[in-house]
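Submitted below is the structure of interest, expressed as structure tokens.
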């Protein structure tokens, strides 16, 4: 296919291995943006382009110049309002993003952080470095097992699914809150669908894996936290906007719950932010999905779907923007990193 | 049954819930040691005892006084040379220990520590507390996924099996070195049996889960560590005697490998031990198995097997001492905590 | 929503339980076709309809009369050329079919028939009824285990996926041929993607689970069958058109392979069809998916997706017609029953 | 080791592959019985024998002649009263039998027969041969899914465990009745322990996988069958003595339950036995475990344990006779084939 390639802010080396880059360039007619004036570049090449890879504006005007366009690949993996989605849907142009590449890294990290919370691995390690560790049972008074415990997952998208798969051997009862999925659908997956309030109250481990929309921002607030069991574990893995961080800090500081978070209201978190000094929080500087090998898989999945589309088949390796949900994400990014 | 009950150093509250204690005392005729002279106590009660719960010496002389004895339960869960095992085996007295209760806690901790090593969860948390954390990809240059990786397990006893079960969703290739088990036996479990040297060389994650005998003490030495892949992860979960800690410290300090250890040559580790200052080690003060709820399960399993033995059935919930292997453990404890 | 309900040839009692029917009628404004002239009925009600449930023609003219239409639900679960799909896609009207309800019944039946072939359960039962059964090892000379064996799946859609899930405990190596899916995608599922020819040659069990298009009709022909291993097992579960039945009968009669089939070139198969007298075939009169409880789930999933669409969310419980593939199915039905 | 080898009624070709036979003979000093007087043969060779492979009498007198004996391997896999077990246990002689080799073949067959019952695969196949098959839903009025259903397993030994493993993807609730195992033990396996009566009443699928003792013979009698749900499925896989076949035939003939059986009160079942004419029974002439490849594994596991014993380690690949249970089996064989 004739492909406009303008992956910024991703670099080619980040998303494609040398072999994949060779494959990409030999298989497709790649027209790469190389610093020139973008309007001129797009004006010149859209008329023949079948695919666009990148995050540049694709408004109605640009789309109108691209009569052969079949797919736009967002390799930053966010569906932002840079595109006239309605026009794409009307014309059957796929808008896809390989956001699923982050699901497994985030799920592994979530599981690792959950066990770290439950057993205070990070805390006793830090104490050890200070010579203040507690040996054997003395350091385990508040430890608990994940096996046989209760788990609540908020949001059963890519992240939630990947986490669910890792939980299989632990024989936990898993509750899910996801208002975008039917209860029967969740039950057929072996899950127990519950309202948000019950999920907060009935689980030792609560994982926040949801994308953020205008509807669920701040849902993990004072009231929700008050429902949690004493000493229960809260893991914030998807978006900082899901939580009221003041309430979170309060609950952690009081020893009401244990908290792990990979996301923060401001990143990097200012050095003088009081959150840094709250005990009972496992801090992770937005590293759950940010894995080099996940970035590389962006290119892999992009190539897979370009190949399918070239062959007249629907894409399967990337996620597609959908009429109903893309609008809800317009004001903020849909997936991590 | 008539039961001599002398669980020291375990306390009743540690190993039995109040309901279980009631059940125990109502179901059996419990003769509890309460601080009196032990020789006199045993001399008085062995003649009618069907079960002994405890870790006191049971030499030939005491056994000869106990013609009705059917079982000795070691609730410390170690098979130490306090017992004349040969005489027990000859007479059909079961010697059992519910050591399996520690398997799941240790396995969960091992998995949690493995993910923590692979993603540096503990390290970036500690850095965060110091205000030196690295955000997003910057802190992830050396991170790796467990999913799809290679795992070697040294020792496929209770601990190794419990860990293996938790690894199922990660789709890892698992190699095992366990000279006490036939290769075909391991293959039937879906494992790849390999010699020790190959195991050290061919895996990103190496878990030491073996009991220690005179034969394998110090096996994780300089030569073995040199076989490991650059940046591979070593987790020492069972016994400190398995490793040469000087070599371990050297390899970790040089950045050759990443190390996590739950056991130490001396515990507590002296404050001035240079090991404490070695970078690249995740320290855990012997907490992997030392879980309150694991202790409680000691009592549960003890009661289960007493019940079976009373009904003329073989015990299944505790592990039994065996003629061939108990001798090999005589000089040191067999299982953790 | 305002719903035109015309499920023929399905009946309401088949697809909805009494409770679900009540829910359906109370929740939506249901306008049911009751035998009147269909053109008049549709002309009258399309202008206000938001949903159409049924298999009646929805050409451009009818669609033009339905400005509020948001979804067409095909409860026969086939995507036939009765609809102007392009216009639906252009306007964002979902065309959905709950064909997934048949996947689990077909997968269970496929597994049961595979074990029956491998162990000749049906054959020895029939022999038993005639007093000609062979006892113990005598009747087992050609039996084989599924566990640890090799399995090839042709078509990794709903049916193939459901079968794959059931195979997990058998520790089989699974190869897949599915030209609509990228190799990397299949590998991420733990499968080995292979060309069709290798799949036929390298597996003891070959399951045909593919939908039929003009491209793959007759693919299980003389040449493909000749590649199969002596005594290997072929299970035809999706569409008769996938196979050349003369070649199939020949291979089975010669004892080259064992065959099970749930589908036939003509159904019911004429009484004098010579296929009926071919030994070495396990016959099933198109019963794999035709389960009463599967039909009921059609209604369940239809209600789930109507609810989502009403709430402005994308459907998830039914499958959606897709621009690229619906065209390929136009000449024949896409899924079973 | 010095091994007396007298496997009758098994033949060497049955239990050892050519390579394994070579290994066996090169590794051990094999003294094979070749038709001579057995008393003289044993008298001559027992004094130096470390292992005996076979089913010949090993009473006190013979054991007294065998001071170096370490293991007796029963390759017929039954623990019969041909041995003075007490004396073996006293002296630490292992008595082992690789009966576990039949577990997987029986479990696969049980699953295959269960699906065949639930879907009437065998019945419609037989009807097809007669030209009386019913197509699509017509033949499925009484079909049911295993997925999501309820399963009861009687006897959680090797057979029951192997079956349990295969059921994992079906998401069934599994109840177990096994009076030799503690309830807590079963719960830790994810099973629900229940009394026999509840098991019969609360499951759609009941699998009889138990060894037979004087205590449970005839347990599947008129009263137990009356507890079963209308149309439920009963699978008799272990021993005919578990059931009252008159009651079984009555319940099947009346259409009360569906029955599959691999075992019969007399084998071969006489041609004029009325059981042969009872409708609603899936007949299997004792073929579930009788697989050529299972026999071969007898030799494999025997060699594995001989190797361990020679190295001073306990056997793990065969099952060991136990003081408590071997007595209960004395009057009849313990495991299948």
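For the reader, a short list of remarks on this structure follows.
Going by the order they are written in, the chains are A, B, C and D; count residues from 1 in each one.
Heads up, the rule we're going with is that contacts are C-beta pairs under 8 Å (C-beta built on N, C-alpha and C of every residue); 3 or more make two chains touch, one makes a residue touch a chain.
Per UniProt, the chains are A, B, C, D = Phosphoglycerate dehydrogenase.
Given the structure is predicted, the values throughout are model-derived calculations rather than measurements.
Path length between chain A and chain D in the touching-chain graph (shortest route): 2.
Chain centre most remote from that of chain C: B (centre = mean of CA atoms). For the interfaces A-B and A-C, the C-beta contact count is higher for A-B. Per-chain Cα centroids separate chain B from chain C by 50 Å.
Chain C has its Cα centroid 34 Å from the Cα centroid of chain A.
With centres taken as mean Cα positions, chain B sits 37 Å from chain A.
Shown for chain C are the residues in touch with two or more other chains, of which there are none. Viewed as a contact network, the protein chains form a single closed ring in which every chain touches exactly two others.
By the definition of touch given earlier, these chain pairs are in contact: A-B, A-C, B-D, C-D.
By the touch criterion stated above, chain B contacts chain D in their complex at residues 89-92, 180-182, 184-185, 300-301, 304-305, 307-308, 312-314, 316-317, 322-325. Residue ranges on chain B touching chain A, taken from their complex, read 104-105, 108-109, 111-116, 118-119, 121-122, 124-126, 128-129, 131, 133-137, 139-141, 143-147, 165-170, 267-268, 271, 276, 282-287, 290-293, 295, 337.
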